[in-house]
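The same subunit A turns up in both complexes below, where it pairs with subunit B and then with subunit C.
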Partner chain A sequence: MRAAVDHSRPGLLDWLSSKRVAPYLFVAPVLIFALSLFLGPLSFAAYISFTDWDGVADPKWVGLKNYTYLIGRDRFFWTSIWNTLYFAAGSVILGVPSALIVAALIAQSRFQSFWRTVYWLPMVTNIVAVAYIWWYILNDTNGLLNRTLDLFGLPGPNWLTSTSMSMFSVILVASWMSLGQNILVFLSGLSGIDETYYEAARLDGANPWQVFRHVTIPLLRPTILFVLITSLINALSSFVLMMILTEGGPARSTTVTGLYLYDMAFTDLRLGRASAAAYILFAIIFVISLIQLRLLRRGGVEAH
Partner chain B sequence: MAQPESPTHPARNRGALLGVLKYTALALGAVIMIFPFLDMFLGALRTPAERLALPMVYWPHHPQWHNFVRVFTELPMLTWLANSILVTSLITAIQMVTSTMAGYALAKYRFFGSKALLSLVLGAQMFPFFLLIIPIFFLLRFVPLAGGNDLLGQGGSGLLNSYAAMILPFAVTWYGIFLMRQNFLGVPNEIIDAARMDGAGEFRIFATVVLPLVKPSLATLGIFVFLYHWNEVIWTMTVTRSAPDLQTIPVGIYLLRGAFIDQSTFSLQQASVFISILPVMILFLLLQRYYVRGLTAGAVKG
Partner chain C sequence: MRLTSGRRLLAALAGLMLTAAPASSQPTTTTIRVATHYNAQQIAPMLACFRQYEAEHPGTRIVHQQVSYEDFIQTILISRVGRAPVDIYNLYSIWAPQLIATRALDPPPFEIERFVRANYTPAAIGAATIAQRLWGIPNSVSVYQLVYNKKLLEAAGFSAPPRTPEERMRIAGAITKKNRQGNSVIGGYAFDLSGANVTHVFYSEMYAARVPPYTADGRHTNLRSPTALAILTKQTELFRRGITSNSVLAVDFAGGGVGMAVMANWMKDTLRSVLGSRFEETVGVAPIPTDGPGGTMIYSFFWGVDAASRAKPQSWDLLRWLNSPRGHGGLSCTGAMLAGMGDLTGNRADLSAMRGQTADPFSQAYIAALAAPGAASQPNIWHASEVDRLLKYYIQLAWAGRMTPAEALAAADGDIGAILAEQP
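This part shows the complex of A and B:
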């Protein structure tokens, strides 16, 4: 009604809140952010990856030198790539099946919300706390784990200080930390499975293992693939846990690429080379996600 | 839950056995989940002598409750706590605003560039944060006329060592925009059109008509963001390394590790770690319901 009264002279405010202009104002903050704190920085990083730069003097253009150096001559870079793949494979192989099993058990138990809460506690714990908690547990002589093993007469390994065990320990801690998140996704997938499938299988005389193997797993396949993909990508780009728990050691055995390039940038101030390393790691993650997406499609996710 | 059990005795016994196995496995897992926290708690209560004993005394005989007080008197815990609350709350509030506004525009308007922006929102989620740490750090350092910089952005520390540096890179969450867009898609156009007929401007429609309809999802997003940024370490550490007054709880505890060198300060460290977990854990236990709903809504359909 009001528009009918003073439609003679629309003011600035009316113009701004008109259907034609308002959407631009709605997205303006995101546009500014996208340019200044996303696309801008990404291009800037791409540019300095072709330069020599210590953050102080002007960047010096060196072409592909940073990339060829990392790929061709820097064996520590390859060590870090190997460590990254080792960590990612380990945490997926250990973390995803255990989350699936726990979720399947919770789904058929009483006191579901109690179990869920217990298994989610590490998920809301900050990574510094997680690392310190486990540092004390995995500590060689006084740690809870080796003292427990000692009770059974088992010799405890040097969890964090031997090059053969350190990455395994980091994988253990990472899986403990991310278990809750994966359980959560699996539980929501499980709740989407129609109860009649289970009943039909039971009427056919299937035992619980057969039901799990031949009913639950096939029907849960899209969820399983989703968790596999997200876990793998997260694992490939994570490095803070290693930074705090083992500082990348001993002898670089837990220096993943993210940690390697972070130190290269903020300790050694080799910003060009660090940016190149970041883009190489990103390319690897990108290719792996593409392959996984392919598999995901073939796994019948669009049916979901 | 009806447990279908067959009437024959051997089968029923097997069912009972499976039930026992199931709960044993769950309980064992629960011990693995909870015990590390307990270990840290007991560690915070040990005396230096108990730590030095060989073998170390595990169960503290003289619980040092005052270690939890020392966290506040001997460490800048109150500063860290204030910073954590301030920065996390601001990030949460800003992300809720930017996500709802952009999500609404992308769901309910067709405008020049809207398709491209939606692709950006979806595609940007693929870029891991490690790719942005180096360039954003140096872009903030060279912001002109800030932190002692001249017009060309030289000479000072720019926006580094400021709350702005801790907050700005997290002003937008791509996932949040997408999540809110999906929610706004479910709002019927008739409601919006009816409000337009009544002469309401687009912003009033957004704030008074549409926003209340997505309140539950917005609350979920808020909790999600708050928990995530309360626990954020790597960026905050990078920009506040030389500004102890700005550090948040996890960053402060981490960067103080050089100070935790002997058996008495180890207990102090364990006490401070325990304090750092407590607020979010309580928050999570209270608001768990919303958190779950949000994750399950966005997860598998993604």
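This part shows the complex of A and C:
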């Protein structure tokens, strides 16, 4: 009788394998990872953003002072936000269409593996080396680009040393660097389009441009939107290239918010203010991502 | 004879005690960690001294830790958070106020303070002094002067360097050469855009005009003064007339691409290694061009000890030993290291012992500038690195024509004033 009662009571193993518990057990490693390495630091940064802290002495609670300073008083913070948006928009506008065009050309070429390798090389090259090579290419007087332009009697702009040209030059280099990754994603999307669509279009008399415009692009829309969203998020949070290539100059014309808050935190030791800046940047990226997701649902996935 | 298990155990314990006894009677080793921004080649004479000190002081181990200049203060503070502070630091004097505010530095003992006051120049002592208190033993001293290419000046028809900003403009304008794209092949005048050099040159020009960039209490700036405005206006004019640009850099001087630039004395080594035997016939040194009485800025490093060090007395003893004459031709270990780099010092005995190596006109001009009445130590103001970067930003905005010099200086004064108002 007693043994029968014990058998009817659910054991630990039964409880662990129940539908109520088991799913959480499976995701537990990820949850623990997220809690310790994501939510923990995130919560700490949120707390620090309301304090004045140099990393050594005890944090001093200052309420919203860091946020009000950044939003209301720090005239350079908004310039850095503008620089960030300019860089992100420029990288996407220049980088994504060029990657799509190159991918479409590679998809029709005979040596796909070779071209894939060539365009992937910048991705596996150290960013410091990339920055140095481009620094020499873009040098005003002796750079390869200006010397080449001179051969054709063209003017040689101050690519990295003029406050009006420097950000464009950084965008150029960043787009070149991310080209390989985007090309690979586009190639993967292109290989998923059924050949019969192209055959049908050609039978209807469509020329190559019409095929690309009316068949390839609509069928590739989910991939395009994926590349757009990932490129934009990457660009909004990037700062290493500017740190190495231009040190954020001249006159901070290439200082994006990421670089500005890095200096704030680790050079000026204003960790509280830097955390507040990081949260404001996070809010901006979050809103932009939400808008993109909404557009993606309407014009992308839901459309298919 | 067979041992019982109990006896075996006793024998084993006795054996263990016998082997352990010599170890416990050995003196404990004191490790002193020394952090500097010097690279392996620069620190080599000092490392030899460390080994000599270890040999003379059994039980002491000295470890050198190289930390990049840009990350130095952050590394100090982070190592302190991790409860693993370095014992001795080579500190840029402007970092000191923040370190003192966080109680990271140990004030030197009385005998060390007496040693410093007896053996160092007032300017060097001043750089290691914050709020009327000495915080370490002075190390290197750097000073700014105008360095000019004698050959380029002669080719342009000038036999003497400029004495005023107007003359600088005229001579630099005559030297400047451009290619058909309008980019400089030879820049008449160059600024060093790296680090704090833009700000340091501006400060040097202010000191040359005898108007310090900050008030004596370090709570306000003099950036709205007519002198500051005149200096920035004339610098901006060099850009506006195409005599200099952001791509004409002081580092191109050695290659013959620049006519004039304001440089610190430690550039001697670089210039000499590039120019070789042409060094003396090419490079000239002159006072900072000014409309004022003349002068320049000095900046210094000093040796400090961490307040949380477990070896504070040993660290101060080591520092005194390293900074006393040792037999390298009468130079101290620090002096030998600085002489190797072509750097200067505030240590009187070292300066005297360096006489042979500093007899050339280049070094003599810098030593004379160091001793001149207009030479002033960079003020150890609150958040100096941040202030320097902020001022550099506004100066560059004026150079680029994005702000007028008056607007740039007014904006800099406002922002820097807010930082200075934070100090306790």
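The definition used in the following text is that the second predicted complex is superposed on the first by the 264 of 304 C-alpha atoms of A that agree within 3 Å, B and C clash if a C-alpha of one lies under 4 Å from a C-alpha of the other, contacts with A are read in each partner's own complex, and residues count from 1 in each chain.
The working rule: a contact is a pair of C-beta atoms (placed from the backbone, for glycine too) under 8 Å apart; a residue touches a chain by one contact, two chains touch by 3 or more.
Given the structure is predicted, the values throughout are model-derived calculations rather than measurements.
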For this session: Based on the superposed arrangement, let me know which partner A:261 touches: subunit B (first), subunit C (second), both, or neither?
Result: first
Exercise. Is A:146 contacted by the first partner subunit B, the second partner subunit C, both or neither?
Worked result: second
Exercise. After superposition on the shared chain, which partner residues are touched by A:19: those of subunit B (first), subunit C (second), both, or neither?
Worked result: first
Exercise. Touching A:269 in the superposition: subunit B (first), subunit C (second), both, neither?
Worked result: second
For this session: Kindly classify A:57 by the partners it touches after superposition: subunit B alone (first), subunit C alone (second), both, or neither?
Result: second
For this session: Classify the contacts of A:239 with the two partner chains as first (subunit B alone), second (subunit C alone), both, or neither.
Result: first
For this session: Kindly classify A:282 by the partners it touches after superposition: subunit B alone (first), subunit C alone (second), both, or neither?
Result: first
Exercise. After lining up the shared chain so the two structures overlap, which partner does A:122 touch, if you call subunit B first and subunit C second: first, second, both or neither?
Worked result: first
For this session: Please tell me which partner, subunit B or subunit C, touches more residues of subunit A.
Result: B
For this session: Please write out, lowest number first, the residues of subunit A touched by both subunit B and subunit C across the two complexes.
Result: 55, 266
Seminar exercise, completed: Seen from subunit A, its contact residues with subunit B in the complex are 1-3, 13-14, 17-19, 22-27, 29-31, 33-34, 36-38, 40-42, 44-45, 48, 55, 101-102, 105-106, 108-110, 113, 115-122, 124-129, 132-134, 136-137, 142, 144, 147, 176, 179, 184-185, 187-189, 192, 199, 202, 208, 222-223, 226, 233, 237, 239-240, 243-244, 258, 261-262, 265-266, 271, 274-275, 278-279, 281-282, 285-286, 289, 304
Seminar exercise, completed: Interface with subunit C, subunit A side, in the complex: residues 54-57, 73, 75-76, 139-141, 146, 149-150, 155-156, 158, 160-163, 247, 249-252, 263, 266-269
Exercise. Mind pulling up the subunit B residues that touch subunit A in the complex?
Worked result: 1, 4, 18, 22-23, 25-26, 29-30, 32-37, 39-40, 43, 51, 55-56, 58, 97-98, 101-102, 104-106, 109, 111, 114, 117, 120, 124, 126-136, 138-139, 141, 168-169, 171-172, 177, 196, 198-199, 201-204, 206, 227, 230-231, 233-234, 238, 249-251, 253-254, 269-270, 273, 276-277, 280-281, 284-285, 288, 292, 295-296, 299-302
Problem set entry | Interface residues, subunit C side, partner subunit A - complex | 70-71, 73-74, 77-78, 80-81, 98, 101-102, 104, 179-185, 193-194, 245-247, 383, 385-386, 389, 393, 396-397, 399-400, 402, 411, 415, 418
